[in-house]
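Below, chain A partners chain B and then partners chain C, in two separate complexes.
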Partner chain A sequence: MSGGKRRNLTPYLLILPAFIITIGILVPFAISAYWSMTNYSLNRPDFHFTGLKNYIDMFKSRVFWNATLVTFKYAISAVTVELGLGLVIALLLNRETLMSKILRPLLILPLMIAPVIGTLMWKLMMSPEFGVANYVLSFFGQRNFPWAASAKYAMFSVVLVDVWMFTPFIALLLLAGLRSLPVPPFEAAKVDGASNWFVFRNLTLPMLMPYIFITIIFRLVDSLRAFDIPFAMTKGGPGDILMTYQITAFNEVFTFLNVSKGAAYMLVNWVLIYAICFVLVGKLQKWRDRIN
Partner chain B sequence: MGAITIEDLTVRFGDRKALASVNLQIKEGEFFVILGPSGAGKTTLLKTIAGLIPPSEGRVLFGDNDVTGMPPEKRNIAMTFEQYALYPNYSVMGNIAHPLRAPGSKLEKHKVLDRVNKISKMLRIDHLLDRLPRELSGGQKQRVALARAMVREPYAFLLDEPLSHVDAQIRQQMRVELNRLQVEVSNTSVYVTHDYQEALALGDRVAIINSGKIVQVGTGEEVYYHPRNEFVARLVGQPQINIIPARVFNREDKIYLDVLDGMMQIEPPAGIVRKICEQEIEEVNVGIRAQFITLEDGPGREGSVWLDGKVYIYEPFVTYGILTVNVKQHQLFILTAPDGDFEIDRPVRLGLEISELIYFNSITGDNLEGTGA
Partner chain C sequence: MVSIKRGKNDILGDILLGLIFLFFMFPIYWVFTMAFKSDSDILIWPPKFIFSPTLAHFKAILFNQLSEQSVGATTTVNYLGYFKNSLIVSISAVLISLAVGIPAAYAFARYNFKGRENLFFNFLTFRFAPEMLVIIPIYLIYQRLGLYDTYTGLIWVYQLITLPMIIWILRGYFEDVSADLEDAGLLDGYSRLNIAARIVLPIVKPGIAATSLLTFIYAWNNFIFGMILGGTGVQPVTVAALQFISADKLRFGDMAAASILAALPIIILAVYTQKYLIRGLSLGAVKQ
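Take a look at the complex of A and B:
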């Protein structure tokens, strides 16, 4: 190959990654957006454009509003608990004690396990007949706690698994944030004789805020897409108690073979996540400006 | 308000000694400056006085009180930090008042307000009290940090490079204010800086620190005119002191110095000659400040010796000029009038004021004049 030809090829090689991203992400996205406006179903030989019919049907259906409620309940309760616990753990691990030195590397252990595997482990532990969870509860006079099998405790059970799995992630991020905070304000507070509460409330927390927002963004986006943990636990049941957007969409496509409806769910899910991220990133920037 | 004594203070970070057997006596009401290059241990010393860094060895005494093991909040000291260290979500008012509202302080509300108002007027930030730190300029932030320190009546002020992050104009103005405040408040202050001008302008006395060791303690004049060694001589003064090597030789039982391989011969004063003989020194570094070198037309004046060189570059600074001259492989700085006109490579003759020469042992770097500590 001559030098001239090689040079002609370089620009195309350079845009190749962008090109792959375009066909790998944008094309499927556009196609599914289009499908959501058709009556595409694997049951039918062909399909045609139906406009916003899928969306109108969806917004009118009880299933959609149940999925919305379930998804937000799951995401908000999981992220709130994880953030609170994660912050406490990060603050404790930020101290230079022997205990925190030992515990810091152990923190990432739950993150090493695939969420589905983790959930199946918990499912075993929560088994009413031979689960270790009920065995432990039996010492406190609680017998046959139903866990995810009951409509009342199903949400609690999956959130518990989510908390177990992702609290370390939040703790890790916040610990990294804590360790990167500037030292002088804390020294100034020490010299001034400030109380621990003052230091936490007025120095640690505001300066940590950008990190807290980043963890919220990560975790909220992740849990608004919740699928693996509730699916592995109960496949969305009992009834529709754990039917998140993604599980509902999954059922539409893979159980009822209704591709267009599933695509509509996914698109709504995407719009919500995008909008929430947009707001949170704006807030994050505000906090950053405030600190600097 | 009072004296601070530092005895044999050593601070180790791992294997590294940040401070090595530091001894200092800071008098009551004194404005004491610690001057040194970055990494010398200045801030470590200040933080050890504050109680933020525990010493590995040695003691810190406030008056007769040993405070070595005392936590910072019990020491009743006020400190400012290089990066201001303001509380980001407190207003200027809240920042300044904070030390008075801290758990240990029991001051009535209106008294707190009075104090904050008085101090903020003094530092001319009284119109900023409602602002948040992020709405302030660097100079204003620094003044708030100072106000937060001064609002208390501490045993001593510890000031860590308070002027290093403000621009030149404000620095000059703040220096004036600090000087003025020192006269008004007359509190014991320990001030850390790497800027020799600040040190000389503010300090009643200056301690020069290098690699964790105190090199010299003295008034500004002492460290400028009688530096203990070459390090101090180079640290203090702008442009930097000229240092040229010289070889000791003996002619007819008299000691002379041969500067730059025969370029110039000097007869050092008797005291220096004695030191040279006692220590059997063979090589001496001769120092001379830029303002004691003059440009000569003919042979030098009485009491001066001369060197011939070529102009390297001339820098006019409006009110003065700095001429850099190459003499053999050495570069000398000369302070001149601002209107100089020097062509590059033009030959010039430099007259050195012989009474202003400083002689250093070329191996140890010590001043042969043998200054006091």
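Take a look at the complex of A and C:
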């Protein structure tokens, strides 16, 4: 980098326009943080500083712990299934069979459809009376499966949609990872007559670990902010079964007009995402070091 | 790579792969065909796989002609209008992000300056913040500033989606361009920015094109910003598609047609961006 050491304003000037645009978004971010420590409500003309009261109230409320449970249940089950299935797909697509070659380019399609639209599509299929999903189940002796309409299966339904939509993301990234692995270790193992399982356990999986961490980080961050899929499916219902942090905050502000509470929810959500990201990025670094 | 013995294992793997893909492709096939079914072919048990196709649902949502089943439905949705909104907002958002993002990405790739990585990381954090965190204050600020329910307001907030992606992905593309090329230009007495514009930019052009398409897809697919910060005048097609549920529970065919129309431009674009997609999807974290 020859422009390097000189004291130079050019890079700052180049970044300035982008920075100005994001400042417009950074400011509201700070306002949100401040409002979470007030009693701001759209029902009231004025508001004042209340310190941590919102947070204390929130941690004592059932609504908050429900949102926490729902968000994590959703995120963990979706990401776990997607990781397992995505890995299987990536390994299968990495073979040079005709089938793999034909199917490879199709994989991105679900991923490119808007989450709201994808959810609508599944809703059409999950209709208890006319849905094709129940038609498929009828061959396995199930009829009138209630899907998202029932408290018992609502979570299952949205996780299924999430899996359908985002497994391709994981599969594509892991496939790219598999293709970038160095060849010599695998050739050596072949010469030694190692079994497929042995190669997978001791070579492929450890070397793929950085990629696995990247996909986990991306998917976890996204699913901890889940909104579109459960909202399009049932608006968070039945009851509060699908009320993730974001949907709960949405209701606080736009149903109960409780701006400060909604902001508090979002701040907690954000801090959690950050903390989890931080830990995982550290782990990722460790795996990278181990490989090099 | 993982060498699986040819023959039996390959066939088993292909069968498994085929079954998995059936799960991923069937919904697209099914909703696509549903959009062309008459209501009497949709509201029937068992579901029909063979039917005579009709354009009634597309006519209904595009030209506000209600299909047979939805007579009595009170809400009509001006779908084409929402389509236009999606186009205006997504394209403008990407263009603005390109205008301010390309110089920034170049600076991050080529200059060594104080606070570089911190600043860079800051742009990523926007990608990771829950949307409601900024929507709540922006909703109230926009109403005061008169930006609520305007294209300008939406385009600005869409920068949250488009700008970090463009800066993150393009930085990688700029870094891939050999620095020797630029040093040669410097020796010839050209200024750095001159070189950037004349030599580097043309090389990165395909990367910029692919990144723009990918960010466009993300902008187009967004739902939450338009739903809360826009009224019916500027809301995108993703918000409109949802109205077919609340309006009337029985409008299956219209919903299917609306979904297909909203997804079609994106699916076509996605086919074109295939090659560059993975790098873009992971914000450059996985290079291909």
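Keep in mind that, in the parts below, the second predicted complex is superposed on the first by the 273 of 292 C-alpha atoms of A that agree within 3 Å, B and C clash if a C-alpha of one lies under 4 Å from a C-alpha of the other, contacts with A are read in each partner's own complex, and residues count from 1 in each chain.
Here is the rule we use: a residue touches a chain if its C-beta (ideal position, glycine included) is under 8 Å from a C-beta of that chain, and two chains touch if they have at least 3 such contacts.
What you see is a predicted model, and the numbers here were worked out from it, not measured in a lab.
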item: Fit-or-clash call for chain B and chain C when the two complexes are aligned on chain A; value: fit
item: First (chain B), second (chain C), both or neither touched by A:K190; value: both
item: First, second, both or neither for A:L69, with chain B first and chain C second; value: neither
item: Partner chain in contact with A:P182 - chain B first, chain C second, else both or neither; value: first
item: Touch count on chain A, higher of chain B and chain C; value: C
item: Apex chain A: angle to the C-alpha centres of chain B and chain C, given in degrees as a multiple of 10; value: 80
item: Partner chain in contact with A:R290 - chain B first, chain C second, else both or neither; value: first
item: Which superposed partner A:L106 touches (first chain B, second chain C, both, neither); value: second
item: Touching partner for A:F250 - first (chain B), second (chain C), both, neither; value: second
item: Touched partner set for A:V281, first chain B, second chain C, both or neither; value: neither
item: Which superposed partner A:P206 touches (first chain B, second chain C, both, neither); value: first
item: After fitting on chain A: smallest Cα gap, chain B-chain C, Å; value: 11
item: Contacts on chain A seen with chain B and repeated with chain C across the two complexes; value: 190
item: Residues of chain C touching chain A in the complex; value: 1-5, 10, 13-14, 16-18, 20-21, 23-25, 27-28, 30-31, 34, 42-47, 96, 99-101, 103-104, 106-108, 110-113, 116, 119, 122-123, 126, 128-134, 136-141, 156-157, 159-160, 163, 167, 179, 182-183, 186, 192-193, 217, 220-224, 228, 238-239, 241-242, 244-245, 252, 255-256, 258-259, 262-263, 266-267, 269-271, 274, 277-278, 281-282, 285-288
item: Residue ranges of chain A touching chain C (in the complex, touch as defined); value: 1-5, 8, 10-12, 14-15, 17-19, 21-22, 24-25, 28-29, 31-32, 35, 85, 88-89, 91-95, 97, 99-100, 103, 105-118, 120-125, 127, 129-132, 135, 138, 164, 167-169, 172-173, 175-181, 183, 186, 190, 196, 199-200, 204, 211, 214-215, 218, 221, 224-225, 227-228, 232, 245-246, 249-250, 253-254, 259, 262-263, 265-267, 269-270, 273-274, 277
item: Complex contacts: residues of chain B adjacent to chain A; value: 47, 50, 52, 71-74, 77-79, 81-90, 98-99, 102-105, 132, 134, 148
item: Complex contact set, residues of chain A against chain B; value: 182, 184-185, 187-195, 198, 202-203, 206-207, 289-292
